[in-house]
Each structure stands twice: as structure tokens, then as C-alpha cells.
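Paired with chain B in one complex and with chain C in the other, chain A is shared by the two complexes that follow.
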Partner chain A sequence: MELTTNVPNLESMSECSLKPYDAVYLGMPFCFEYQGNLITEFDDLEVAVNLLRKWGKKAYVTTFAVPRNKDLEKVYRTVEKAAEIADAIEASNLGVIRYITREYPDVRVHVGGLANVYTVSTAELLYSLGVSRIMPAYELPIEDIEKIKETGVEVELVAHGKIPVGIGHECFLKRFSDTVGKDCPKICMDSMFFKSEELVLKPFGHATLSGKDICMYEHIEKISFADALRIETISERIGYREAVGRIYRRRIEKGFSKTDFEKLKELAEHGIANGFYFNKAGQLYIPG
Partner chain B sequence: MKFVGLKGFCRYSDSKAFDLNEINKMDNVAVALNRVKEADEIEEVCKKIKHETVILNEIAAIRNVSKFKKVVASVGLTPLNNEDIKFLKELGAFAAVIPPELNSEIDSFDKSLKLEVFGLATVEMFYKGKCILSAYFSNKSVKRQGVCRKECSRKWDVLYNGSKIAEITFKPEMRSFNVNGDFVKYEGRQFNKYGVIEDGINHKRSKS
Partner chain C sequence: MVSTSTKQVNSTFRGDIMVELLGPGGNLEMVEAVFEAGADSVYCGVKGWSRRSKKYELDISQLREAVRIAHNHSGQLRAAVNAMPKAGEEGMFKNLLEELYSIEVDAIILNDIGLMKITNERYPDLKIVASIGSSILNKEEAKLYREAGASLLVADCKMSLEEIREIKEYAKIGIEVLIHANTDFTYLGRCWISSYKALKFDEIDGKAYYIGSPNRGGVCFRPCLLRWSLVGEKIYAKDFQLPNDMFLMLDEIPVLIDNGVDCLKIQGREYSVPLIRDIVKLYRNFIDEYLSKGSVNLEEYRVKLSLIAEKRDSERLRRTLELMKAAWEEKSEV
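Our next item is the complex of A and B:
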């Protein structure tokens, strides 16, 4: 089983922080304008891929999750470059997924969680079109994901981190540029949350993430049928990526540690949840 | 043309949907089966619908059902660009519903597929089809159960580096558009009979 994570830019890469991982998704899929975004900065992308190769990791390149017509040329360029140098391309837009499988039939295509793969029939169709791996829709419970896995397609699941709960045409952070005195892209380097009673969200580019960290540390055996487990760190600092990665690497190789579990809870500023794996509201945590 | 929802298969609410018998007694309607279900289940019920046009939200179902019906690809599939249009055409769709946020760029779309645009729509926090807020907070899923609790309508404190700097709400806004498409859609199922958007449990928490 692969342990994967994601990094938005070259600045966020260090050998130490990526040591626990087998493969890394390069680039920030929720906003083209993110500083140093590897899906647009191709010199940096080459450096990043070469570093991952040197460190013995697989290099996957992501693409912008919600491209409109005006964005397609940029997406085509990302795909062309990624097809040349990366081990796989991740896409969450159905049209872009089909474009890659049609134009680059030899390239591995990974379908992202925002592509909304809810059913076995969608998974079968995408698999028949040449897709190699699917991250099923975030709101699917384990039993539905297992059925998708039975189609033969590889399945990747979020084991830990903040998941997108929505994505739109607007970056909400920009609404507060004047209030905080910072413009794009600097504003998203700071911490912003939306809070209502006990509910918390984290705006990040065009996406809004769960405020809580999805945490399957206690329950990892229940999702160990997956081909890859993702530690979602696209909106996090390097230290988080390293600490959580090390904890999950130990979990996979050595088993449960109460100390490590407590550390994960400490790192989750707004608490932990199980997501939708147990067919409950995504923000709930079911103790193991 | 009116779109009517089939009970158990459509988004938003079964309370405003109709059963198969009722639908088959109507004239000149298209049938919405835009809740996410397995393709074979959708195909089976589509065979029992007498009307020519259905609206679907599952790509394998579009491929299968388009062999015997006119299929409109739901806005829940979030068609955003010409690659989406090309793919939906390849699957056999007859038309695609374009999210209202894209109305200003509708001329840039490939005309190989009929385009249905919103003349009146609720513009929401996220693209239609790309929101799981309701399921995340309340386990009520638009995609899977057809139910939305409109959690976006809450009043939210905006915390920046730990301090509150503002309040915000993302309550859906009804907007009308002057837009040209092959079909112009006037969204109705999210409104009650008085024309008010139903906010679910969050109506009282809403800012506006």
C-alpha cells in the first residue's frame, strides 16, 4: 500500500518532511494563483520531480479541479508537461480526465475526490476509458468504496487531513483582502476559518475544506484494502506533513500507539472526525 | 417544457416529486432522475417512463439511457468547459445544463451539444453538484438522498489568525439572468409556493 501526500510548491518540499511517503502529488489543485504553484511553474515542477526521483518517491502531478473554458489552455500545458515527466496525472474534472485518457493513452490517470465518483457504474466506465486509480467521492461509506474496488480499479482514500466539502467559482479568502491588508496570493499563507457554533470550515482557494482533520488512525485496518492512503496536507505547513506522515508510517509498520494518536489530536486545531467512512455525518468521530 | 422530479430519484425533495404513475399521466414533461444511483437502477426506471426526455446525473446512466431517451446531463455533473461537453456528447447526451455562474461565458461553449442555461437560479456557496456541506454537518446528502439542509445559510464568524474579523453568510441567492441558450431553465424546486427559498433548519440562523 502506498502512503501519499500533496505539496503545492517547491518551497513546501523537504526531504525530511516527505521521507514517510511513497508518492507525492505535486501542485495545488484549488487555485492557479497559489504562490509557486507547481501546476503552472514548470521549471519548479521539473526540479520537484527530479528531487522526488532522487529520494526514491513516485511523482504525481495534479491539475486544476474546476477549469472553465478560459483555463483549459493552462490545463493542457500542465498535462503535456506532466505526461512527459511524471508517474501519473491526477484530475478531478470529468472532461479533463477524458481528455487525458484520449490524448495520452499511456499515461496513468488518477481521478481525484472532487470528480464525484459515487457509483460502481461510474467507476467501471472510467476504468474502461483507461483510468488507473480513483479516489471515490468523499461522502461514500466503506462498504460502497469496497464495491468500487471490486471493479479492478485502484482505490486511493484519505486516511488523514482536511477534505474539501465544496468548491466553487470564487475564492472566499479574497473577500477579506482589504480587512486583513493582504492580497492574493499572500492571504492564503495565513490561517483563516469560518466558524458557526461547533462547525468549522477552512477556505482555501476555490475549495472550502473541513475544519476538522479526518483521522482514520484508530481505524486504519478498515481501509487497508485501499491501494493508497492519502495524508491530505495541501493547506498545511511542512511540519504537519512530516509529523503526520511519520505517525501513519509507524502505524502501518508497527501498529497503534496511544502517544501518536494523542499527537494527531494535538495537531488538529479544530478536532478530528472520521469523514463519511462509517455512514455518519462527516464531522463526527467514532472512537475505535 | 416542465421538469418534474421522480420520487426517490430526484434532487432536493421528494415532497415535491411525483411517482411513476402520476408522471406517466402528465403531458409534455421531462423527468428529473438526478439523484446519484447506480446506472442499472436508473436505466430500469427510465424504461418505464413514457416521456421522451430525462435529466440524469450519473455518467454510465447517461451512456445507457441515451440509447432510448433524450438525456439532459444534470447541472449536478458541473459541466464547466468544452472538454466536459465533448465527453457528455461522447456518452450520448442530448443537452447539458450549465451552472449559472458560467452564464457570462456561455458563448465560449462548444455548440455540438444543446446547452440549457439558467434564466432564474439560486446561486449557492459552491457550484451545484460540488457541495457536501449538508452531508458533512448533518448526514443529509443532496447527491445520495436528495436532501439539503442549507448549512451554508448559517451566520459564520470569520477567524483570521485566531481573531474574529467579520461575519459572513453564504445563503443561496435567487438571481435572474438575461442569457441565451438552446433552452433556458427557471429553477423552481428549491422554492416553496410563496417563492421563498427553503433553508431547512438554518432559516432562523440565517443573516438575511
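Our next item is the complex of A and C:
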């Protein structure tokens, strides 16, 4: 099983923090304007891929998740560059997936979680187009994901971290630039949350992320059928990526540790949850 | 059985300009009302399978009656099957498809591209509409849906006229635009905030049903309309709502018609029959006036529309409060 994570820019990469991982998704898929975004900064992308090679990791490149017509050429430039240098390209838009599988039939395509793959029939359709791996819709419970896996396509699942719970046409946080006193892209660098009643959300680019950290540490055996497990760290600090990665690496190789589990809870600023894996509200946590 | 590929949609037309006015059918009374008010077609949710509460969906026997009403008015009926089923419910979907085809629905509204492919393979003469929940964002994506069998797609509310034109031309697909609906800060099929907040798993006749997940056939608890704060190192803002606004389009309609938009859709299965009747009637008159005269007195319609909007807002507020209460109580009957 592959342990993966993601980094938005070169600045977020260090050998130490990426040591626990087998493969790394490069680039921030929720906004083109993110500072140093590897999906647009191609010189940095080359450096990042070379570093990952040197460190013995696979390099995957992600793409902008919600491209409109005007964005397609920009996305295609990312695809062209990634096809040259990366081990796989991640895409969450069905149009982009169609484009890559048609224009670059030899390139591995990973379907991102925002592609909304809910059904076996859609998984089969994408598999027939030539995609290698699918991250099913975040809203799917384990029993649905197992059925998707039966199609033969590789499956990647989020084991830990903040998952998208929405994505739109704009960065809503930008509307608060004056109040916060920071413009794009600086405003995104701070840790900001929307709060209401017991609900906490994290705005990040065009996406809104879960405020809680999805945590499958206690339940990892239930998703061990997956071909890859993702530690979702695109909006996190380097230290978080390193600490969580190490804990999950130990979990996979050595088993459960109460100390490690407590550490994960400490690292989660707004608590932990199981997402939708158990047919419950995404923000709930079911103890193992 | 109806062969929809040869059946002409009962659209209003002027010369070579045609546009279909589509109204909601939240119950049989509403189906009758939207045709009496002048709609060309109606859409109804199939019990347990559409993006609305089961309160506003129709079972097969009701749908059969709704089809009869539609055809008596020389109109058409679209069956909304636009919730995402559970993986592995494809068998149930195929059985449902057979039933819907046998009762002569004229089109099926789907969200999932895999289900579109299945539908097109089994019933190539059944018109497929890609739901707003498909969140089709660009022309390349539209083309993939076209290849899977969709002949019409519902454009996202944020899409510009230029984007619509490009998509129509590149993908050779019909375009439906929502003229009464709501728009929020996420793409409609790409929002899970409601089910992240509260979710109740249920079953209707063996079919999975997720209350709290609009994508999976339940209701949306509208958490965006709670009172929110923006919190970082300090509280930067408080007591605001995340965008979720209703709109009633008017000024843009002539431009949409002139640019070849194929269908104008009025959302609102959950509203009262008198309100929906008024909305359909207003748009019917507006479209007819524009198509017959080539111009329309916008100010006159704006006044009428603002009165309708007031009634609509009052009904919507009641429904929002009901849904928020249901989310707190995790009620299944909403």
C-alpha cells in the first residue's frame, strides 16, 4: 500500500517532512493564485519532481479542480508539463480527464475526490477511458468504495486530514480581505475558519474544507483494501505533514499506538471525525 | 411506448427561435397547475431517487398520472432520477428505468454519467438531461456527457452567456438555464456541507436514502444560512451567512432566447401550487410577448415579479427554518 500526501509549493517541501511517504501530489488544486503553486510555476515543479526522485519518491502532479472554459488552456499547459516529468497526473474534472486520456494515452491518470465518482458504472466508464486510479467521492461509505474497487481500478482514500466539503467558482475568503487586512494570496496563508454552532469549516482557495481532521487511525484495517492512503495536508504546515505521516507510517508497519493516536488528536485543532466512511454525518467520530 | 427521439417538444417558437418553458411538479396538483399556467413541460422527482425530500417526489402510479396530464396538455414529462445511488444499486436503477420507460416518461434527468451511459445503451430513444448536480463546468466535460448520451445539460447558475454558447457549439448539446432557482458559493453538485453537519441513513423499499445529503437523494439542511463567524487569530467578522441567494431572472431572458438556449427551467417543487402557478404564468406571458413582438415591457414585469418574490421569500424562510430544526433533531420526515 502506498502512503501519499500533497504539497502546494516548493516552499512546503523538505526531505524530512516527506520521508514517511511513498508518493507526493504536487500543486494546490483549489486555486491558481496560491503563492508558488506548482501547477503554474513550472520551474519550481521541475525542481520539486527532481527532489522527489532524489528522495526515492513518486511524483504526481495535480491539476486545477474546477476549470471553466477560460481555464482549460492553462490546465492543458500543466498537463503537458506533467506528462513530461511526472509519474501520474491527478484530475478532478471529467473534461480534463477526457483530454488527458485522449492526448496522452500512456500517462497514468488519477481521478481526484472532487470528480464525484459515486457509482460503479461511473468508475467503469472512467476505467474504460484509461484512468488508473480513482479517489471515490468523499461522501461514500466503505461498503460503496469496496464495490468500486471490484471494477479493477486502483482506489486511493483519505486516511487523515481535512477533506473538501464544497468547492465553488470563487474564493469566498477574498471577500474579507479588507476586514482581515490581507489580500490574495497572503490571506490564504493564515489559518482561518468559518464557525457556526458546533460546525467548523476551513476556507481554502475555491474550496471549503472540513474543519475537523478526518482520522482513520483507529479504523485503518477497514480501509486497508485501498491501493493508496492519502494524508491530506494541502492546507497544513510542514510540521503537521511530517508528524502525521510518521504516525501513519508506524501504524501501517507496527500497529496501533495509543500515544500516537493521542498525538493525532492534539494536532487536530478542531477535533477529529470519520468523514462519511460509516454512513454518518461527516463531522462525527466513531470510536474504534 | 413513446419514441421521444421523433416527438417534438411543445416549445414556443418564433420563426426559427424555439424555447421550452419547464415547470416543477412537486405533486399532481402542481403538475396540472403548471400546464394550465402555460408550461411546455414539467419535471417530477421519482420517489427516493431525486435531489429533493420524498415529500415532493412522486411514486410510479402518481408519475403515470402525471404523464397522462402532461400528454393531455400536449406537453412532456421529465422524470428526475438525479440523486447519486449507492454503489451497487445499478440493478435497482435498471428496473426503475424499465418502469419509467413503460409509463412513457419523455425524458430522464440524471446526475451520474455512468447511469447516463447505461440509460443510453438500454433506451437510446429516451432523452437524457444532465442535471444541475452534474456541475458541468466546461466544454470538454460537456462533450463527455454528450458522448455518454445526454442531449441537454442544465447550465450552472454562474455560467456566462459566452460559456453557454461555447459549450453548445463545441459539445453539440442543448442548454437549459434556470430562471427561478437559488445560487450559492459552491457548485451545486460539489457541496457536502449539509451532510458533513448532519446525516441520517434510511431506506425506502430497500433503496438507500441519505437525509441531509442532496447529492444522495435527501434534503439539504441549508447550513450556509446559519449565522457564521470568520475566526483566525481573532474574530474578524461575525453574524454573516454564506452566500445562498434565490433569483428570479427577467432581463436576461430575451438574450438567452436569442442566443439559442433550448429550455428555461423554473425550480420549486417544494413551493405552494398557487405560487408556482403565478411564476409559470408570468414567464409564459413574458416569453410569448417577447416572441410575438420582439420586445417586452420589462418594467411592468419587474413589478409583478417583485410581488411574487415576496411570497416566495416568505415560503422559503418557513422551509429553511423547518430544515434547520430537522437538522438539529435529525428528523427523517422533512
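Simple rule for what comes next: the second predicted complex is superposed on the first by the 288 of 288 C-alpha atoms of A that agree within 3 Å, B and C clash if a C-alpha of one lies under 4 Å from a C-alpha of the other, contacts with A are read in each partner's own complex, and residues count from 1 in each chain.
Assume a contact is a pair of C-beta atoms (placed from the backbone, for glycine too) under 8 Å apart; a residue touches a chain by one contact, two chains touch by 3 or more.
As the structure is a computational prediction, the values presented were derived from the model and not from experiment.
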{"item": "Chain A as common anchor, with chain B and chain C clashing or fitting", "value": "clash"}
{"item": "Which of chain B and chain C A:148 touches, first, second, both or neither", "value": "second"}
{"item": "Touching partner for A:36 - first (chain B), second (chain C), both, neither", "value": "neither"}
{"item": "Partner chain in contact with A:271 - chain B first, chain C second, else both or neither", "value": "neither"}
{"item": "Chain B versus chain C as contact partner of A:130, first or second or both or neither", "value": "neither"}
{"item": "Intersection of the chain A residues that touch chain B with those that touch chain C", "value": "66-72, 93-96, 98-99, 114, 116, 118-122, 124-125, 137-139, 165-169, 172, 176, 179-180, 190-197, 199, 201, 208, 210, 276, 279-283"}
{"item": "Interface residues, chain B side, partner chain A - complex", "value": "36-40, 58-61, 63, 77-87, 90, 99, 101-102, 105, 108-109, 124-127, 129-133, 135-139, 141, 143-144, 151, 154-162, 165-166, 168, 205"}
{"item": "Chain C residues within the chain A interface of the complex", "value": "84-90, 112-115, 117-118, 135, 137-145, 148, 156, 158-159, 163, 166-167, 184-187, 189-193, 195-199, 201, 210, 212-213, 215-216, 223, 226-233, 236-237, 242-243"}
{"item": "Residues on chain A engaged by chain B in the complex (per definition of touch)", "value": "66-72, 93-96, 98-99, 114, 116, 118-122, 124-125, 137-139, 165-169, 172, 175-176, 179-180, 190-197, 199, 201, 208, 210, 276, 279-283"}
{"item": "For the chain A and chain C complex, residues of the former touching the latter", "value": "66-72, 93-99, 114, 116, 118-125, 137-140, 143-145, 147-148, 164-170, 172-173, 176, 179-180, 190-197, 199, 201, 208, 210, 276, 279-283"}
